[in-house]
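Okay, so here's the structure we're looking at.
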Amino acid sequence: MTKMMYRDAVRNTIFQEMQRDPNVVVLGEDVVGGMGTAGGPEAIGGIWSTSGGFYEAFGPDRVIDTPISESAIVGAAGGLALSGKRPIAELMFADFIGVSLDQIWNQIAKFRYMFGGKTKCPAIIRLIYGAGYNAAAQHSQSPHAILTGMPGLKVVMPSTPADVAGMMRQAIRDDDPVIFMEHKALYGVQGEVPDDPDFVVPFGHARLTRAGQDVTILATGMMVGMAEAAADTLAEDGIGADVIDLRSTSPLDEEAILDSVEVTGRLVIVDEAPPRCSLATDLAALVANKAFASLRAPIEMVTAPHTPIPFARELESAYLPNPDKIEAAVRKALAYN
Amino acid sequence: MQLNRTDLLEAYRRMKIIRDFEDFLHDEIAKGEIAGFTHLYAGQEAVAVGVCEHLSDDDKIVSTHRGHGHCLAKGCDVEGMMKEIWGSREGLCKGKGGSMHIADVDKGMLGANGIVGAGAPIAVGAALAAKLDGKGNVAIAFSGDGACNQGTTFEAMNMAVVTKAPAIFVFENNHYSEHTGFEYAVGTDKDIASRAEAFGMKVWRADGTDFSSVHDTMREVLEYVRAGNGPAAVEFDTERFYGHFEGDPQRYRGKGELDRIRAERDCIKKFRETVTEAKLLEGSDLDKIDAEVASQIEQAVAAARAADRPTAEDVLADVYIDY
Amino acid sequence: MSKIRAFTMPKWGIEMTEGTIAEWMFGEGDSFKRGDLICLIETDKITNEVEAEYDATVRKILVPGGGDAEPVGALLAVFDDGSASDEEIAQFADAFVPAQGGVAEGKQKKKEGKPKEADIVGEADKPRAITIDTNRPISPEALKLAEAEGVDISGIEGSGRGGRITYQDVQQALRGPSIASPKGTAVLPEETDVFASPLARRIAAIHGIDLGSIKGTGARGRISKKDVLAKVPQGTGSAAAAFGAPFQAVPNEAKVIRFDKIRKVVAKRLTTAKQNIPHFYLRVSVRADKMLELRKTANLVLGTKASVNDYIVMAAARALAAHPDVNVQLHGEEIHSFPHADIAVAVASPKGLVTPIVRQANRMRIDQIAHRTKELIAKAGEGKLGFEEMDGGTFTVSNLGMFGIENFDAIINPPQGAILAVGGAERRAVETDDGGIEFATVISFTLSVDHRAIDGALGAQFLATFKGLIENPEQLFA
């Protein structure tokens, strides 16, 4: 095990896989950084410091610094993947899927199906997402719900450095297109990462991070830590919470969710995104439909409100879920009779 | 024209296959037997064949919603395509794609595409893959005078130039983006190639109804791109014999326009006249091909009609490799 | 394969050691369905109905109805699916070894030498047999439930991913299908130029009203429910037509409802209690404002939803702990006084009045009491109260306040020594400390006391403590 930051787990895993497999290619805005400037290549090394040293090690044909053209970045990833490569495209901010959505939604996600299963499209789209940086409405969003709703895509949202390493490696070796969502506020989080160069975390396997009997809390990404904090506070009052980190929203580990709710009978879903047509409502529908008999209280959802993400510190804090809101939701569920 | 007899016969056969394929479909669709939207390529055969005759399976193309011609020129199986258009599970895409999504990646055909302008970025990706492999292969994005107005096309052209990708942007100007005239919708003074030029590419222009012109131009373009000079673009002036989609009443056409273009701008007719006048081929050679192709297409239609239909379970297959 | 099942004397409650078959509802050779009444079993405390938990055929009855008491676990009958031979059945009955007195041991009953094709019943208290096909995907809780309830999962279609069986699937299988009452579908005309709310369209369709004839008064001219209802013709035999007609009597025939087993028991017990116990009654009015106020705050703080009755149960329990001479049961010529209060709460259930018990309520916090009573009431509503949950008790609280009853006198629930009847909260004018008048919320209580066990002064002291707790409810949280 090596202790490292979430961002280093991204970088190191991609680096190792690029050494292992010459078909792995990286492309995106400023993945080299400094191209065409006095500072020269690698003056930056990616604004999130997740591709430092790549250019020097693998050269311009495998580390492709692109213009600001998200449609072309994602489209090119699709073309590379159809041509036998394993491209990793980076969208500097997940919010930029807006300008590249056709290539994600109508192209990459559907190639295999439209072509009758006769091809594969092993492309990875890295999305750096999430609030917490006061980056306001166009640089803070968590668009996992719309992507999860697209058949053909896998959508993963690791919450720890170890999961980043295991899931990035799985994504690179996976033959289906993967939306790899990295929470920008977690980049500095430290954690132990296995040294095994073949360590993978398969998709569709949720992680139980706290075990209790009274309530199930579902979370992804940055919400996992908040759910754990709430669970720890509740534990002081003797309230036991199952905290489940979904890890991937497509495929979804239905079994883990239903098994937990069958025991606890109460469900609190934490979602960083707004509430309508969201991951939270999707999970609530799943449980209402398949574990109705086990529920002892209405399903509680702790989500962002139905608003764009505001800028000011106070406003962003009010917008985001937090441990207090989660704790209150748990107590509400427990108080229901 | 620098083609030998065999190559000329092959080129004619390919063009004729496309023409008959589309003419047959036009009639069949009118009978109501075929589901969905179909956009026919008839009239533009010289472009698809003139371009693809230069390509191997390792060269990639990305096509458009009007993709039958590109598919057939790139070597997709006639019967497999017909079955696909009929929605059979024996089709090239098992009935999942239909007319607008025919693909055969093994043949270097990365798909027709229902989204106008979506193909160019994909072609750039394929070109970047070719560049990485370093074997001199290229990727070609077919676009029309409609797709040339999409931002994706612009993004793709710029990225190809920036990354020196061996991509070729082939613009087939058939004068209509859906039901709107090229003179209205393209702002650069009736000229698409100049746009590519503005992105820093070397460009060519040629008559798309003249097979030899297309073929000769593409030889030059491919030599240039395969040599590692980065991307290039070509604009072919061509004609669309049918409507935007089957069922299009074409009220936008001028009086006698269709008769005129069929009389003066039919690439197959022109090919026939040129090669027979130059004594490169005999009329009887071509008549023989006509008969063979007609029977081949009839057989394909019969096979498509008789082919297995997909079942409800097939809906769920082939979304993922492993989920 | 023939599935031979043992039907044994069940164990209801910790104390039950034996029972008597009062009556078999089926004879040998008869088949029954899940949910059918198989037999009546009497214990020294109650007579209970035994429902079938599976479909089967009665192959052999070893203990006839009306006979002697049999110990818990004794083989009473042998069931199967009708396919086993008489020999196999006899062999099974001969080889049967009763469980040694309990659930835990009963689980390991399968022993060598048993008919190898037969699945033997597991728990002694629930006669059933089950083979769980573990090759099918099933959630752990669902498996537990299937095993506990003897559900055959082979017929269940799993609703989880990849056909996995969920807890809900098993529970649904246990309940069986509900009886649907389809109401049919009204075909609504296509909405063209008329703009009406969905509800308005539904009502119009039911009554055959043309929406085009209605002027909408809703937002942007939309036709609302109100607009349509205004057009619905009122009852055809209108009031005006009937006016002046002479009164005509209609037949008034009694609907005869026979006592069921439960009602028989209740009737017998209440009659005995009312006839044999020398009741006397103590009445008191208690100001409840503070308690109602505190309840609101406490519910918020504790995140619980305790009812007024929960507070009354709590106050009574605490008062009983302070007056153990009231916290008594009467057994013959013995008075049994208990240190902790097991409070029975009277609940109306589909099967009649039941009195499940909140045990040691004097030791519980209010949220624990609330939780327990909710649980018991829910079970009562489903008719699922176990014997253990109703057995014993040292005191009963019966509340009709929610129906607006001012006060009433309850019948003591033997062997308990007293029962508290709770009336409704009323606003009453009361005298203030300085001789003025104010309005207060007052609840009336009547304590019915068994004079053989408890004297008037004892009962009065208990009530005084009880009243003090309700009027100063913060003491309940001390």
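Chains: A, B and C, in written order; residue numbering restarts at 1 for each.
We take it that a contact is a pair of C-beta atoms (placed from the backbone, for glycine too) under 8 Å apart; a residue touches a chain by one contact, two chains touch by 3 or more.
Note that the coordinates shown come from a computational prediction; the quantities given were computed from them, not determined experimentally.
Taking each chain's centre as the mean of its CA atoms, which one is most distant from chain C?
B
Mind having a look at which chain is the central one, using mean CA positions?
When every chain is reduced to its C-alpha mean, the one closest to the whole-protein mean is A.
Quick one: chain A and chain C, Cα centre-to-centre, how many Å?
47
With chain centres taken as the means of their Cα atoms, state the distance from chain B to chain C in Å.
That pair's centroid distance is 74 Å.
Cα centroid separation between chain A and chain B, in whole Å?
Once rounded, the distance between the two centres reads 39 Å.
For chain B, write out the residues touching at least two other chains, lowest number first.
none
Okay, in this complex, where on chain B does chain A touch?
Contacts found on chain B: 60, 62, 84, 91-97, 101, 103-106, 110-111, 113-115, 118, 120-132, 139, 151-152, 155-156, 158-159, 162-163, 317-323.
Going by the contact rule at the top, pick out the chain A residues touching chain B in the complex.
25, 27, 60-62, 64, 66-67, 69, 71-85, 87, 102-103, 106-107, 111-120, 151-152, 154, 174-176, 204, 251
If you look only at chain C, which of its residues touch chain A in the complex?
139-142, 159-161, 164, 166-168, 171-172, 299, 302-305, 370-371, 374
Per the contact definition, I'd like the list of chain A residues that touch chain C in the complex.
Of all residues in chain A, those touching chain C are 254-255, 258-259, 262-263, 289-294, 331-332, 334-337.
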